[in-house]
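Next come the structures, one after another.
In the two assemblies presented below, subunit A is common to both, partnered first by subunit B and then by subunit C.
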Partner chain A sequence: MRRVGGSHRGLDMWLMQRASAVYMALFLPFFLVCALAAGPLDYAAWHGLFASPAMKVATFLFVAAMLAHAWIGLREIFIDYLHCARCTLLRLALYFAFAVLYLGCLVWTVDILWNVR
Partner chain B sequence: MRFRIYRYDPESGAAPRVQEYELDFDAKGKKVLDALIAIKDTLDETLSFRRSCREGVCGSDGVNVNGNNVLACVTPLEGLKQPIEIRPLPRLGVIRDLIVDMAQFYQHYRAVKPYLINLDPEPENERPQSPQQRAELDGLWECILCGCCTTSCPSFWWNPDKFLGPAALLQGYRFIADTRDQATDERLDFLEDPYRLFRCHGIMNCVEVCPKGLNPTAAIGKIKSLLVKRAL
Partner chain C sequence: MHRPRPFFLDLFAIRLPIGGVVSILHRASGAFLALLIPLLLYGLMLSLRSPEDFARLRAFVDSGPVWLISLGLLWALLHHLFAGLRHLGFDIGWGEARQRARLTAKLALAAALLLVGLVALLDLLNSGATP
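Let's look at the complex of A and B:
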C-alpha cells in the first residue's frame, strides 16, 4: 500500500496538550498558596482544604488535565518510537490500555475527593 | 592539523570506517572545506564530498563536524577541537564518504508544493505586494536547502519517511505566508497530520544549526497558530 497521510488529526491533541499545561501551571501555585494559608500541614488543615466544593472541582480538573497531558505525551512517544511492521496494532493497544488506566485514575480521584466531607 | 573523516565506498564492499589524516596546514582564516580540498589534493584523492559555490550560497557541502551539522565552506577551522571529526549528515543514506542521498529530503520539499499557486489570470507585469506583505517572507525565502536542520532533528531521525522536517515545513510556511498565494487552505489541509507537522516537538535543533540563521521552529509555530485559528 502506498503511504498515506493528511489525516486531519493532531491539532486537537496539540491544543489539548497546551490547554492542560496552562491549567496545571495556574493551578499548582494557586494550590500551594491555599495549602500554606491553611496553616500547619496536619490532618485537620489538609481535610479542611478539600472540604469546599470549589477546591474539589479545581483539584478534579487538575487531575483530569494531568492525565490528559500524560496520555497525549505517551501517544507522542509511541508515535515517535514504535513503528515496526506490527506496531500499529501495538500502538492502538497501548493507547487503549493507558486510556482505561487513566480513566480509572480519574474515577478514583472523584471517589477520593468527594469522600472528604 | 588532525582529522578523522568518515569513509565509505559501497562499491568496494568494505564496511564504513573512520580514516585519520594529518595535514600540514595553516588554519588561519581558513574553513573546513579548504581543509577537505587540501586533503583531496595532497593526501587522498579518493576522498569524496560535495561542494560548489564554496561560500555558503549553494548549500551542497552540509556535513557533520565534531557533532554539529554545518556548511563546511563557512565553518572556520580555528577553534575546532582536534582531531576534527567530519561525518556525512545524519540519517540520510550515504552514497560515498561525505556524500549523502538527499532524495527523501527533496521528496518532502516537493510535497509542500514550493511554488506560488494563484489561479487568477496572469497579470501583464507582476503581482504586487506591499512592503509589509513582502516583509512577511523575510527569514523564509533565504533557505538554501542544505539539509543541516532536517538531519539534526530527532523527529526526522525517527520518522524520516513521514515527518516533513524543518526545511520543508519552513518552505511550506513561506508559501502560506505569501499574500499572492491562493492555496493556503489546501496547504494547511496537507500539513494537518500527526506525522507531517505534529512530529515537531519544538526542541529547536533546527534553529541551532541553520547556517543561514533561520528559525524553522517559529515558522512551524505559525503554521500551528493558523491551524488553530482555522479550527476555531
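Let's look at the complex of A and C:
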C-alpha cells in the first residue's frame, strides 16, 4: 500500500511531465502549420480547422496533456514553497482544488470541440 | 580551525547566472499559463461558438491593454516551450556542459523575445494595412 501514501509517485509524475511536454511540443508546430495553411483566419477558416474528427481528437489530447502538465507543475511549485508544519493540509487542498478545476476544464473541452460541426 | 565562510551581499553586484534567469522565468511563465487555462478555454469557446462571438473576441484582443497582455501570454508560452526543450535536452544528457548550457539558456531567452517582437510587428503592420 505504499503507493497510496504517494511514495514512488515522483518518478511517474516526472515521466508524465516529459511525455505531455513532448506531445505539446509536437502538436503546437503542427497546429501552427495547419492554421497558416488555412489562409487568413476569419471565422469560417478557424471553425473549419476543428471540423475533422482527427483535429478534434488531436486538440483534445493537447488540452489533456496541458492540464496534466499544469497540475504536476503547480504541485511542484506548492511543494517547493509550502512546507511549514501546517502546510500539508493546505497543499492537499490545493491539489484537490486544481484537480477538480482541471477535470472540469477537460470535460468542458469535449463540449467546446464536439460542438464544432 | 574555524574559518568564516566568504560573505558577499552586494545586492547591486549579485546577479543570477543566465541559467538561473531562464529557470525562474520557466517557473513563473508556467504558473502564469497554468492559472490562465480556464480563461484560454473560455476564449476558445467564444472563438468557435459563433461568428459574432469570434468578432467580439478579436475586437477585445485588439484593444490596447489586452493586446499587450496577449503578447505577454505568447511570450510566456514561447519561453516555457524553449526552456522546456532545453530541459528535455538535459534529460538525454545533451547540453549539460557549462558553456553549452549557457549558450542554450541565452538562445531560449532570446528566441522567445525575438518571436514575440516579430509577431507584434507583423500584427501592427497587418492592422495598419487593413484598418
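In this text, the second predicted complex is superposed on the first by the 111 of 117 C-alpha atoms of A that agree within 3 Å, B and C clash if a C-alpha of one lies under 4 Å from a C-alpha of the other, contacts with A are read in each partner's own complex, and residues count from 1 in each chain.
Keep in mind that, in the parts below, contacts are C-beta pairs under 8 Å (C-beta built on N, C-alpha and C of every residue); 3 or more make two chains touch, one makes a residue touch a chain.
Remember, it's a predicted structure, so these values are computed and weren't measured experimentally.
Trainee: Mind checking the superposed model to see whether subunit B and subunit C fit together on subunit A or clash?
Mentor: Verdict on subunit A: clash between subunit B and subunit C.
Trainee: Return the chain, subunit B or subunit C, that is in touch with more residues of subunit A.
Mentor: Of the two chains, more subunit A residues are contacted by C.
Trainee: A:Ala85 contacts which: subunit B (first), subunit C (second), both, neither?
Mentor: A:Ala85 contacts neither subunit B nor subunit C.
Trainee: Between subunit B and subunit C, whom does A:Val116 touch in the aligned arrangement: first, second, both, or neither?
Mentor: Touch status of A:Val116: second partner only.
Trainee: For A:Leu74, using the defined touch cut-off, is the partner it touches subunit B, subunit C, both, or neither? Pick first, second, both or neither.
Mentor: After superposing on A, A:Leu74 lies in contact with subunit C but is clear of subunit B.
Trainee: Would you sort A:Leu11 into first (subunit B), second (subunit C), both or neither based on which partner it touches?
Mentor: first
Trainee: Go through the superposed model and pick first if A:Ala54 touches only subunit B, second if only subunit C, both, or neither.
Mentor: neither
Trainee: Please indicate which partner A:Val22 is in contact with in the superposed arrangement: first for subunit B, second for subunit C, both, or neither.
Mentor: After superposing on A, A:Val22 lies in contact with subunit C but is clear of subunit B.
Trainee: Regarding the shared-chain residue A:Cys105, is it in contact with subunit B (first), subunit C (second), both, or neither?
Mentor: It touches subunit C, and subunit B stays clear.
Trainee: Using the superposition on A, tell me which residues of subunit A are in contact with subunit B and, in the other complex, with subunit C.
Mentor: none
Trainee: Which part of subunit B faces subunit A closely enough to touch in the complex?
Mentor: So the residues of subunit B touching subunit A come out as 155, 158-159, 161-162, 189-190, 192-199, 201, 224, 227-228, 231.
Trainee: Write out the stretch or stretches of subunit A touching subunit C in their complex.
Mentor: Touch residues, subunit A against subunit C: 18, 21-22, 24-25, 28, 43, 46-47, 50, 63, 66-67, 70-71, 73-74, 77, 101-102, 105, 108-109, 112-113, 115-116.
Trainee: Sort out for me which residues of subunit C touch subunit A in the complex.
Mentor: 27, 30-31, 33-34, 37-38, 41, 44-45, 47-49, 51, 54-55, 81, 84-85, 88, 91
Trainee: Quick check on the complex: what are the subunit A residues that touch subunit B?
Mentor: Residues in contact with subunit B: 3, 5-11, 13-15, 76, 79-81, 83.
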